[in-house]
Each structure stands twice: as structure tokens, then as C-alpha cells.
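In what follows, subunit A forms one complex with subunit B and a second complex with subunit C.
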Partner chain A sequence: MSLTHRTMGEVVKQQFLFKLRSNAAVITVLFVMQAVVWGLMIGGANTGLSMSTFELRWNLITNDGVVIASLLWALVVGVILTTPGQRNASFTYVSSPVTENLANFCFFGLAAIIAGVTTVLSGSVMKLVVFMKDGNSIIETGGLIAAPLDFFSRIVVMILYTLLIMVVVYTFMLFVQMNRLMIVPIVLLVLLSTKSGVFDLLGIEGNMGTLFDFFYKESSFWLFLVKTGVVMVIVSILSFFPSSRIEVKQS
Partner chain B sequence: MTVISMKHVSKNYSRIAALTDLTVKIEENVITGIVGRNGAGKTTLLKMIAGFQKATKGELRVFDENPFRSLLVSANSIYIDDAMSYPGSMKLHELLDEFNRFYANWNEELAVRLMEYFSIPLNSRHRFLSKGKRSTFNAIVGIAARCPLTIFDEPTTGMDTAARNDFYRALLKDYIAFPRTILLSSHYIDEMKDVLEDLLVIHRKRIRYHGSISDLQEAHLSLRGSSEQLSGSTLGKIIVSKTTRGLQEEWIVENDFSDAERAELNRQGITNTTVSLNDAYLALTEQPRGGIDDVFNA
Partner chain C sequence: MTAIESVLPIIAVILLFLVVWGIQRALQNRFTRKTHYKVIIGYITFLLVALIVTEILEQTTSLNLPRITSQEKVDVGRAILSDKSIPKNQLVTERTHEVDGKLSIKAEQREYETIFYIERSFENGNTVTERVYKPSLTIGDGGNGGKSYDLSQYVKVSLPVWKGQEVVMPFQSKQELFISAYRDSIFISQLTSNQVGNLYGGSEMSYGIVHLIIPENIELDIQLAPDYYVEVPRD
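And then the complex of A and B:
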């Protein structure tokens, strides 16, 4: 019987499609989470200000809940794809650590696009509902027609945040699976780079800035793109180190 | 062509040795039985060959590549055990479709026919099948994949006798039509003896025997007679086991008897025959036949 030679590209494509088919429920969970949070947020938060001569009442409606739900979902997806069940299922078919990793990244890419687009669109639908319910509304961000560039940049930023969380959590979990002791230096690194981390606990002023400020407070879109892109590439490359060492079907 | 070659291969889990100093070559298109007692290291060996686990020491080559991380080995081998991982959301026909996409030699028609024969509904999910049916489904996958290297680790776990017999028959028929290298591990050596050509016996984490079944059987001799007769005729021989069978005793000894010695045994009325495969295996792995009797007779 002659041997079959498969290219890496072929196997990555097949593994990616396999992951899509076998993890369809993961995408459904995103829609359910977004719908539930959207439903809760559309009611808004009633706030009032009362003076002797007048009373001011306003209703604050925000899409932030859906953003947070999508980012939490991204975190869970990052964890799910490192579970032994997922890995073993991939290796039931043709796979290697490299193709497995690349297929996972492809899955993250598509999942992030879906999450990014639906999250921003949920904000648009929210605006439409508010407008139809009560025309007297102040809208903070422009829509597709009023500010198309702004609209698309919001989608790209959301996709990048989602992807970044997935890739970072995925790589972190792979390192922990390779060696549980890896949790210590990684958690220390995260704590050291946040203001509310070790420095605050020790009462020392940290001068490293915060990890979140590094991305969140970046006002330039292109610089944000470069920052997230560079970090994602570095973290993705790092992930190949543990993934090529973890053994399959250890039970 | 050599499909699997090992030179002084060892595998440790942390500091515990699972396999020690294995050196062996397995040739193309041979069905080899992998046998050994519980904990001997059979599954570890098979997982290393499949590329799932890494050898701690030594050189392991499959299709002339290190199987760990090898796409070539993965594309040309399939590993079937009783703990196959399938996505819970997918139905059996969807799983078969996936095998069809991944394995070049996959025979969908054969897989579906076998599913029908074994009455496994294609619309069911793997986790909803009985233990025996789950194993049967896995075995069907292993046969229909027609991989150049097919590895079955305890494939018949949970199957009833009829299903076991059918599995071995189906495997043999498909092997004759499409020869491939097959590794087959089972505790039930007697039921798979008809399909095996070679045997690899692992004992105490080392290879105890690798060779043809007939050579293994001829390496031992079963002697039947009275205790006195047998004692007198086996001076200087290595006795593997002793069993009392009614008024007679049956001793299994290592067969280094010359023709003259065999003739002398016949002359004394001592029945001497080559042993069954199972008895030869038990002898190799130092499992005393009838040894449990001694517990009660003490």
C-alpha cells in the first residue's frame, strides 16, 4: 500500500472545517449570550437629577454589556480549544501539533470576526430600537451612514480585542497544560503589568503602566492595529512551544 | 520494507518506567499481535508508534520518520482504542464523513455496509451507543480507513462473542484484499490467533518475544505422564509450568529436545506435543498454569 503525502495546508483546512462543524454550538452560545445581554441592556438605567425649579430624568442605554459578554465568550473559547477532549478529537483524524495549532487560530479568526461584527451590529440595532421608541435621544457614536469609517473601525477593533483574548488565553492554557507550575510566572507577569497588581498590594508606585492601558488608551487606530498585531504574532509563535510538547491521549 | 523500527527505545512517565530498552523491527503488510499482562506497556508502545506520545530515550522510526509530530505518520496511520474521542455534537454518519475527508484510502461504502450489518444506526451519536456497539463502530472505522499502518488497541472490549468473531473475520478479509501493516493488541490471544502472523510479547516493560506464532509454539513442549516419569525425563531442562490433570501431570518445558530425546519420550509413553499459542504466551509471561490451584491446595 503506497503512502499518502498530505500538505500542511490541506490538513489545516480540513481540521479548520472539522472544528467549525464540531464546534457549531460554540458560535450559537455567543448569539444566545449576546441576545440575553442585549435584552437586559435595552431597558436602560433610569437616572434622574432634581433641582428646586426643574427635574431632569434620562435613560442610559449602552451596548457595553454585549461587548463584555462577547469578550467573556472569547475567553471561554480560548480555554475550550485547549481541552484534552478537543485535542484528542483532532488527533482521531489526521493531525500534527502544528496543523492543530494553525487550525485553532483559523477558528479563532472566524469566531472573532463573527463576534466583532455581531457585537457592533447589536449596538446599531439598539440605536434603532431606541430611536423608534423615543426619538428624543442623544447618540454617542455615529452609525454606518453618518460615519462609515468610524463604524468599520469599531468592528475591526472589536474583532482584534476578541482575537487577542482568545489567542492569549489559549497560549496561557497550553503553557499550563505543559507544566502546571507555569501558572506562577504567567500570573506574576500579568499582575506586575497592572496598576492594581503587585505594586499596589505592596504599596509601591508601579511605573510599567497597565497592560490594559497599553491597548485601551491607544487613541490612534493604526497604532492600536500595530500593537495588537505584534502582540498576537508574538503570543501565537510562543504557543507552538507548548503545543508541540503536549502528548495526546494520555489517559 | 520496514514500517516500524525501534532501537533501545524507553518511555518514562515522570520517573516511572513504562517501557525499557525496546529494539524491534516490524515489516510491511504483517499482522502482529501485541500481547502482555495488564500494565506491561502495550498501550504506551502503540501510542508512541501512532505519534501520540514521545519516546523518552532511543530511536523510534515509523515510515522512516520520528512519529511524534509527524504529519506523514498521522496521514498514514489510524489508532483505534476503546476511548476514541469524537465531538459529542456529531452523528455517526457525520463522523464517517469526516474520516472520508481525512483518509485517502477510506472506503465509505464498506463502512456503511458494516454499520448496517452490525445494526448501528447512522443517525445515532457515539455516546448513546452501548459499550459493545461503540467498540464495533471504532473497529469499523479502523477497517474502512485502510491505512498503511492500522493500530487496534483492545478493539473488542465490550463486544459479544459473535461481534468479536465477525470483527476478526472482516479484518482478515479486508486485509487479504488490501494488505497493510496491522498491530492488534488484545488480552484474548486465542480469539485473534487465526488472524495473526507474528506476535510481540511485552513482559515487565520489555520485549520478551517477537517472531512468528509457529516458532513461539515450537519453542515449548507439553509433556504428559506421571510425576516420576516426567521428573526423570526432564533433568537439565527448564520447566515453565506444572499442572495436575486427573491422574496425570502436564508439564510445559522449553523445547531444546533433540530428535533422540523426543524418541525416548515416546518410548517411555510420555505424550509430547507442541503447546497451544495461549500456553506458550502464558509460559513466556510467567503466568503459571493451574497456579491458582496451589493457592487452594496449600
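And then the complex of A and C:
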């Protein structure tokens, strides 16, 4: 029992700083993954056109790989923060499931910002490779000076997708830890999201594509922000239910 | 789809999780917290330096190519056949040549990228008008309202050589053009004002055109393969 009264904000802040210190390696892993993908993507995709007296060869490099790697990393981070080791560490502090979750969401927020910014900035490294190659270079998407709004919109989109994946996976994993049987609907959802043949056999059409389009097809900044924000808030609220149950089990 | 293919995504996610977790634990144990902070600061500094350098290079060395839709592409051959006006920017040169009685049209090469459009005028005389139109080269997906990059200016144009009573398409050595391109991921460009195109969308090249307007009284001797010339029908 603590003798000094501490506000919830102070506890969350302390837990967040603790998580930041103990999970610094998570951020380093992201950078390692991004750097590995640079190496894989630097070759680019080659294509061309050959005629009798003329030959065109062009090489296209994109940062698709870095985006995918960062989103997969977000998925793993969502899982890692629900592991028993992470949860038990928070007992060092006078914490509740609420402060524990809030501290985790703060960590997700910072991790998503780092992932979003570094993913978009990774494009500069790819551009540098394009400039170093022989021949003429085309930069299809303008940078910070040429199209500043587009540049920042990419960062915002990447941050929101990363955060969304972290929060959703984190909540799913909390439900799984509350009841192992919850893995069944999650596996079914993953299968459905990949439009798996299992569902084709059962005559059920995967409609995860529609769910994906719900976010991806949105071209209005504010609507996209509202959509991702509302989904994240709902999922975050849901996460408080299993986390309190897990705590009860532990005691 | 087999059962194995169905569960492959799940296996991939589990493997990825194990790999990332393994790396994380290894880094956690081997690196001190300060080392992690140094890596984070160093990496972000490197990215910022790369950003500054590329912003400068983008302003100075990147090609600022015109972009056109498929509707904006000019089909010069069709325009000649239908007697429609052709934009001046498609014309490389217009020349006139004095020919006495007979004109032979030849090529020094079996295969080349130029087509002769041969039009007989209703007038008599010795003056042949020659208009050379540039070939067109575009890359990228111009379909569905998308825009392609117009690289036509980088294609060298060979002019026919006129020697007395004959016009010869000279031997053309192979020209090579190499382009490197970068585009940001389409996945995170959903809110951008300038939607990124699909540079995988292929390339399109149309041949250069030599349009000859030859008076009726000049006898013609066409020594070209049938694929390399078109006789413009007379109205």
C-alpha cells in the first residue's frame, strides 16, 4: 500500500517511462527491419522495351517493402506488450488495469509516431539510391519542398495505420489471454482477411476486403481521421474488459 | 487453394513474431539502454541527412518530365490519313526537295522505327514536301485517366537522306535510354493531392513518321518492306 497519494496521470506517466526504457529494443528492431528492407528493395524492379534501333530500360524503386515491414512490426509490438513478462513488470508500480492500459496506449502512440516518420523518411534513402544510379532519374512523388502537404499526409496515414494495428492486435491478444478459446475467432478472422480457401469451401465469401476498403478508399483527411479514431477508441475501450479479468486471475 | 496454402499466412505471422521477438530479446540482452538510444538518435539523424540531400538533388537533377493522359497522346499517322491538323510540337522538320521525274524510296536497314506516309498530290511539279514527325515514347499507366511520363524528347530522330532522285533512311545505331524512378508506397498515398501512378503499367512507343507529299507526275519506286510505308488514299 502506498503512503503517498498519486494521481492517475502520474502513475500512467511513470509506467509509460518505464515501458519506454524497458522496450527500447523494440524500436531498434524496427530500424533493423527497415534497414534490411532497404537492402532488399534497392535493386528495384527492372523492366524495359527493346526495339530494332531503340532500347529503354527502367528501374523502379518504391518504399512498399518498408511500409509492409513497419506494419508487421506494429503487429508484433501489439502482441509483445500483452506478454506476461510485460504485465508482471507493471506490478512494481501502484498500478491498475486502467493505468496499465493507458501507459501501453501511450507507448503505442510514441512507437507509431517513430514508425510513421521513419517509414516515410526511408523514402529519402531510396531516392538517394535512385540519384546514384546511372541514367536519368524520375521522382514520381514529390518530397518535402515539392509537395509538403502530401509529405505530411503520408506520415499521418502511416502513423494512424500503425497505431490501429497495434491497438487492435493488443486488444485481441488480451482477449486470448483471458480465454484461450478466443484464439478460434481470431484465427477465423485472419483466414477471412486473406480470403482463404477454407471459406470458399464452406461457401462463405471473405468480406475483409470491404473492411480494408473502409479505411484505404477514404480520400478525405478528416473522415479518415474520424474512421480510424472511432475504431481505435472502441477497440481501446474493449481492451479494458479482458485486462481487468486477467489481473483478477493473477491475484 | 490447398489447406496448406490456407494456413500459410498464419504460419508466416507466427514465424515473423518469433523472429522479431528473438531479435528483440537478443538486442535487449546484448545492448545497454544507452546503446539503444544512440542507435535511435543515429538512425533518425541519418534519415534527416538523407532527406536534406535528396531534397536538394530533387530540385537540381531530377527530370521534370511532362505527363500526359492517353487522350492527350497524338496519333500522327491517323491524323495524316484522316487529314486532320497535327500539333506543331510533333513536327521535327519540314523540308522541300526538287526531284526530276522519278523518286526512289529506300532504307539502309531491314528493321528500323520509321514509317513513310506517301501522299500523292493532285498537282504537277518537281517539288516534294517532306514532314518528319517525332516518335512518341511514354512510360507508366496512362489508362483509366492516369497519366504517363512523356519521354519522346529523349528519342533521337534520324532524318532521311536525299540524294538526287532517291531518298534513303540511313542506318541507325541502337540508342539506349536508362531511367531510374522512385515513388512512395501507394498504400500511404491515399490522402495525397497527386495520386501516384503505376509505373509498372508498361511503356508505349510509336514510330517516327516521314510524311512525303509527292506531285502526281513524279514516278515512284518504293523499295521498302510493306510494313514500313503507308499510301495515303486520295479523296
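Simple rule for what comes next: the second predicted complex is superposed on the first by the 212 of 251 C-alpha atoms of A that agree within 3 Å, B and C clash if a C-alpha of one lies under 4 Å from a C-alpha of the other, contacts with A are read in each partner's own complex, and residues count from 1 in each chain.
FYI, contacts are C-beta pairs under 8 Å (C-beta built on N, C-alpha and C of every residue); 3 or more make two chains touch, one makes a residue touch a chain.
Predicted, not measured: the structure shown is a model, and the values here were computed from it.
Superposition note: with subunit A as the common reference, subunit B and subunit C can be accommodated side by side.
When the shared chain is aligned, subunit C comes close enough to touch A:Leu56, but subunit B does not.
Partner contacting the larger number of subunit A residues, of subunit B and subunit C: C. Using CA centres, the angle subtended at subunit A by subunit B and subunit C is 160 degrees, rounded to a multiple of 10. Once the two complexes are overlaid on the shared chain, A:His5 sits against subunit B while remaining clear of subunit C.
Contact with neither subunit B nor subunit C is seen for A:Pro242 once the two complexes are overlaid on the shared chain.
Residue contacts after overlaying the shared chain place A:Glu218 against subunit C, while subunit B stays out of touching range. Contacts of A:Val187 after superposition: subunit C is touched, whereas subunit B is not reached. In the overlay built on the shared chain, the residue A:Tyr161 is in contact with subunit C alone; subunit B does not reach it. With both structures placed on the common chain, the touch criterion links A:Gly78 to neither subunit B nor subunit C.
Contacts of A:Arg21 after superposition on the shared chain: both subunit B and subunit C are touched. For the pair subunit B and subunit C, the minimum alpha-carbon spacing after aligning on chain A is 5 Å.
Residues 21, 24-25 of subunit A contact both subunit B in one complex and subunit C in the other.
Subunit B makes touch with subunit A in their complex at residues 29, 47, 51-54, 63, 69-72, 74-76, 79, 81, 83-87, 89-90, 94, 98-99, 101-105, 146, 148, 178-180. Those residues of subunit A whose C-beta lies close enough to touch subunit B in the complex are 1-6, 8, 11, 14, 17-18, 21-25, 85, 88-89, 91-99, 244, 247-251.
For subunit A in complex with subunit C, the touching residues are 21, 24-29, 31-33, 44-45, 47-49, 51-64, 66-67, 72-73, 75-76, 79-80, 114, 117-128, 130-131, 133-147, 149-150, 153-154, 156-158, 161, 187, 190-191, 194, 196-198, 200, 216-221, 224. Within the complex, the subunit C residues that touch subunit A are 1-3, 5-7, 9-10, 13, 16-17, 20-21, 23-25, 27-28, 31, 33, 36-37, 39-40, 43-44, 47-48, 50-51, 53-55, 57-59, 61-63, 65, 109, 111-113, 137, 139, 149, 151, 154-155, 172-194, 196-197, 199-200, 202-203, 205.
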